[in-house]
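Contents: one structure, followed by commentary.
Chain nomenclature is as follows: A, B, C, D and E, assigned in order of appearance, with residue numbering initiated at 1 for each chain independently.
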Amino acid sequence: EKTRVGFAPEAYPPFWVADANGNWTGWEVEIIDAVCAEAKLDCERVPVAWEGIIPALLGGKIDMIMNSMRINDERRKVIDFSNKYYEVPTVVVAAKSATVDTTPESMDGKIIGVQVSTGQQAYAEKNFGANASEIRGYNTQDEVYQDLAAGRIDVAIDGVVAMNEFLKSASGAECCESKGVLKRDPSTLGEGYGVGLRKGDDALKAKINDAIAAIRKNGTYDAITKKYFDFDIYGGD
Amino acid sequence: MIWSPAAGSIALLTTGGWGSAMLVGLARSLTIALGAFGLGLLIGIAGALGKLSGGAVTRQALDLYTTIVRSVPELVLILIVYFAGADLINGILTALGQAKIDFNGAIAGIVVLGVVQGAYSTEVIRGAILSVPRGQIEAAQAYGMSSWLALRRITLPAMLPFALPGLSNLWLIAMKDTALLAVLGFGELTQVTRQAAGTTKAYFTFFFAAGCMYLLATMISNLLSRRLEARATRGMAHV
Amino acid sequence: MEMLHADGIRKTFGNLEVLRGVSLTANKGDVISLIGGSGSGKSTFLRCLNCLEHPTGGEIRVDGEAIAFKPDGHGNREPASKAQMRRIRARLAMVFQSFNLWNHMTLLENVIEAPVHVLGVDRKQAVDEGLRLLERVGLYDKRDVYPAFLSGGQQQRGAIARALAVQPLAMLFDEPTSALDPELVGEVLRVIRELAEEGRTMILVTHEMSFARDVSNQVLFLHGGLVEEAGPPAEVFGNPKSERLARFLGSFH
Amino acid sequence: MSSAPDATACEARAGTRRRWLDAGTLTPVIAAILFGTYAALQMRWDWLETYYPLLLRGLGMTVLLVVVTSSLGMLLAIPIGLVQIVGPKWLALPARAFCTVIRGTPLLLQLWLLYYGLGSLFPQFPWIRDSALWPILRQAWPYAFLGLTLSYAAYEGEVFRGAFKGVPKGQLDAARAYGMSGLLMFRRIWLPQAFKRAMPTLAGETILQLKATPLVATITVIDVYSVAAQVRQQTYLTYEPLLLISAIYILMAVVITKVFAWLSGQGQDNTALSKS
Amino acid sequence: MEMLHADGIRKTFGNLEVLRGVSLTANKGDVISLIGGSGSGKSTFLRCLNCLEHPTGGEIRVDGEAIAFKPDGHGNREPASKAQMRRIRARLAMVFQSFNLWNHMTLLENVIEAPVHVLGVDRKQAVDEGLRLLERVGLYDKRDVYPAFLSGGQQQRGAIARALAVQPLAMLFDEPTSALDPELVGEVLRVIRELAEEGRTMILVTHEMSFARDVSNQVLFLHGGLVEEAGPPAEVFGNPKSERLARFLGSFH
């Protein structure tokens, strides 16, 4: 029996990059392959729109989610998570000219863009909701960056890795810069990124946890990471 | 990212291989549209017959179906049918002791859009059947045809000229509605376009190119349906 | 030899009693004309004969075989066996006032439709026979033309060819010329007359009194759902007994 | 594809009391009651308390979208239909092309092209951000309103083309013969008659417009659908929010039907369209 | 007093020369009938008189004022001043074969439309006058009815009231009764006859020969775009000189 791994088919470099033939490459893609191989699972990647990905898991259309999903309390109410397989700080980015930092006061009158149903969105609403003039929700992170470059939003929030990728791109380099790292907030920003699982699917959870530990130990994880990053993305224990 | 002159845009389309990826996406869109249109046609014929000659309960149930589908946005219907449809089918399969099926990809798209199309088809075909002169069907009965034979040989071909304009409209709608599947994450033309645009950052170029592809498909469809109509109405006096 | 026998046919639509017991026997070669005022039930009776309407009461026998009825659950009757009904219908060819040729088929396709798809005749054989029949009604040239491109008279002659193609035991005509322009009536009547002369069994609803007189060997005058008067044409037309018939005939002069 | 508002309205008027619970509505009513009971008992609705202000706001946006874009679209549709009949080539051809292009491509794509496609061009024209229009251009709603308006204009423009063409030539001849100028003839004779011809399609087209509104959610406009989507994402309820807004859309469709039936009843008891 | 004068009117459609020089003078109170076979150009001539068709050649004078023409750039001519054309049109009231009442307006609204919106008459005054005219053609009761609910004869009488409402210098009738069922022709002719008798200037295209003979003081017979014969009705009808006219009149018996 196949294990269906749900992911949102959208560009999120360097974790998810599509080529024209519909092949996906990227750090997370390789980690999926490594985990599945280690756990001896016959995995199949199934594209599901991000906003429907948890319902799809609950409805049995997929068996697990590996899509840079933050492990946080809100989600824990409905689904289960494996141990984290990476963790990076979350940063605030804005136009170079903007005077913005990570404090609520600096968000006064700003339009903040976040991808919907993400930890960033939860964080922004909890901490900046009172100050920002608007928190605009996008269906994909890519669209957030588009509108940041277009100048339609003032501030974006995302994990530092994907954010750096954007800042390296032509449009990102031209317009924007990082304005600081958000403090750790497990209830929204979570405790790292993990595999989303149906509650009660403990056998699968055990397998995945073992596989993550195993590839960390046998060097596979580091080998993959080295191809994409010059630091340890696992982010400490 | 730079507002590229036409030549640059075309280069973008051809070099990264995204152009051909979009063609593949178009082919998938057309396949799904064709499947949905066909399924809708079957539902439409059955629905029309049910409305015209079914019992009171059948008729009202069908009315409910067409009313709901024709007033709830496709986007919402697609989500409902996608989730509920799969639950329903798998529920039935489990009850029958069968294995669950994968309600994903093209099949889901076809079923989802087909259910939507079916409601519109029902109305189009019902109207067309009502336009067939009563005598045509009576003559079929008078020559001993069974209802099934009369349906196949007389009613359906005779209503075709009346149904075709509506049906070709539905086909165009089916084609365009496949774009909505992008919201479910399906890999058809619109979804591929979104990926291409996201990857290359040439949003304008790719959305524009996709628009041209849909437009071309529409115009070719128009041409074909005009021919089909001419053929179907060849038995009608041209005034 | 008795081909078609109807006994005490009754028919009600809702509260309206349209036929109140009409009987008729057609032996082989008989040409029976039904005449009567508008609404007297002529069409309804003809349609009962091949069960296009299900008679509320009475019996129908075709070529010795009685049509079996059963209650339809709405206080009326319906044929007990659809298969039997269809088999019998196919051999009682009907010609309609409004022709009712199938518009999406050419003339030839119209003619071979019932033989091929209902009677299961081999297609090639049906085409040969169909062409012969079209020749016979003078429409060989028009075999590949669609009905909409034919005059009313041509359409009705085509409809007669379609009827002949099922080799009917009896032919039922419901006012075959009353939808035609006056100048086209003649060509249709000519064909019907020829059929009568070659000994076909026919039941004919018509308002063409002189034609009915000429061509039939029996005339039934219907009034208010009953046979008011019946007999050979010379008698019915020449010497009407009932005042109603006399008045009816008078309205034609 | 449009429903027949006049017929339903007449029926409804003729026998409101009698029709209430006769066989014609029994099945739907029973279905609604059964389903309603099931939904109330077996589904979760506690989230409504939190989200109803948002839902109302979204509903407001949806209604606004339908009303404004249909009205503006109609105003555009009239000249678009007209120039295809009487306009010079340089107006007729673009109008024709406009209808073909809009009707031939998915609205979703049009919205994306308008919003993200245009947005991707902004960085090359920095002055845009300094222009007076910028506060509007950076919002999402203008693109939504524009996209939906153009869409309605194209579909209804096609209807108006037919409607203008359908007005018998004799009607216009008579207007000319009594010395009317082109403009007066258009205003007094041609437009009112074309309008009457187009009227029966309006209810249907407007319901189609209603059904198109959720697409604006994909460009971050908050309509009632996007609120439901948000509820879905935050509560992880699969069906409840979808069912609720389905009911809302059905209700709105009924209202649209009734409004147009009433409108056409106002102006039309007089008018069997002339046989000519 | 000359009301309407047309001199050598020519009209070509593409290559088709429909009018090849037709002249006519209507003095106050004249009733002139145009007769001729189908396609002879009667309607075209009438429509040229109020510029619904722009004549290719010739001159038109209404109440002494000549309509000015200029080339239209397509090898034809058009009125030089639209304002002049409209002013003149408004006073040459036309009554059409197919009535052409505006069907989105009630009868009264039809009648007051041109006075109020073209001639700028005060609305209240126009209504008073309109009601008087409807009374006159026997349609006072129908004032608030829409044309679709009127018989053809009533519509045409309504159209005549509409024509009268602009206080026309001359009235142009294009076969006002030929779209009517025979039993309705009389009521329309009666109204036209009354108008003739009260001294209105009228040009009348008609196929009602006996009416034309009765009512008009001049008859023009058009053939092939030319006036083949003209004169007082007694002469034209009683003693046709050209063989064509004789044959044409013969076809009416």
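Worth a mention:
Going forward, a contact is a pair of C-beta atoms (placed from the backbone, for glycine too) under 8 Å apart; a residue touches a chain by one contact, two chains touch by 3 or more.
Given the structure is predicted, the values throughout are model-derived calculations rather than measurements.
Listed here as common contacts of chain B and chain D: A.
Between chain A and chain C, the least number of touching-chain steps is 2.
The interface carrying the most C-beta pairs in contact is the one between chains B-D.
In the Cα superposition of chain C onto chain E, the rotation angle, rounded to steps of 5, is 175 degrees.
Here the CA centre of chain A is 36 Å from the CA centre of chain B. Chain geometry summary: the mean Cα position of chain A and that of chain E are 83 Å apart.
Between chain B and chain C the centroid-to-centroid distance comes to 45 Å (mean Cα coordinates, whole Å). Centre-to-centre, using mean CA coordinates, chain A is 38 Å away from chain D.
Touching of two or more other chains is recorded for residues 116, 119-120, 123, 218, 238 of chain D. Residue positions of chain C with contacts to 2 or more other chains are absent.
Residues of chain B in contact with two or more other chains: 1, 79, 83, 183, 194, 201, 203.
By the definition given earlier, chain contacts exist for A-B, A-D, B-C, B-D, D-E. Taken together, the chain E residues at the contact with chain D in this complex read 50, 52, 82, 86-94, 96, 98-104, 106, 113-114, 117-119, 146-149, 162, 166.
Chain A contributes residues 8-11, 17-22, 46-50, 52, 55, 59-61, 140, 142, 146, 169-171 to its touches with chain B in the complex. Taken in their complex, chain B has these residues touching chain A: 1, 16-21, 24, 79, 83, 86-87, 90, 100, 103-104, 183-187, 191-192, 194-196, 198-199, 201, 203.
Across the complex, chain D is touched by residues 1-3, 56-57, 60-61, 63-64, 67-68, 70-77, 79-80, 83-84, 120, 123-124, 166, 169, 172, 176-180, 182-183, 190, 193-194, 197, 201-204, 207-208, 210-211, 214-215, 218-219 of chain B. Partner chain B is touched in their complex by these residues of chain D: 1, 3, 23-28, 31, 100-101, 103-110, 112-113, 116-121, 123-124, 207, 210-215, 218, 225, 228, 238-239, 242-243, 245-246, 249-250, 252-254.
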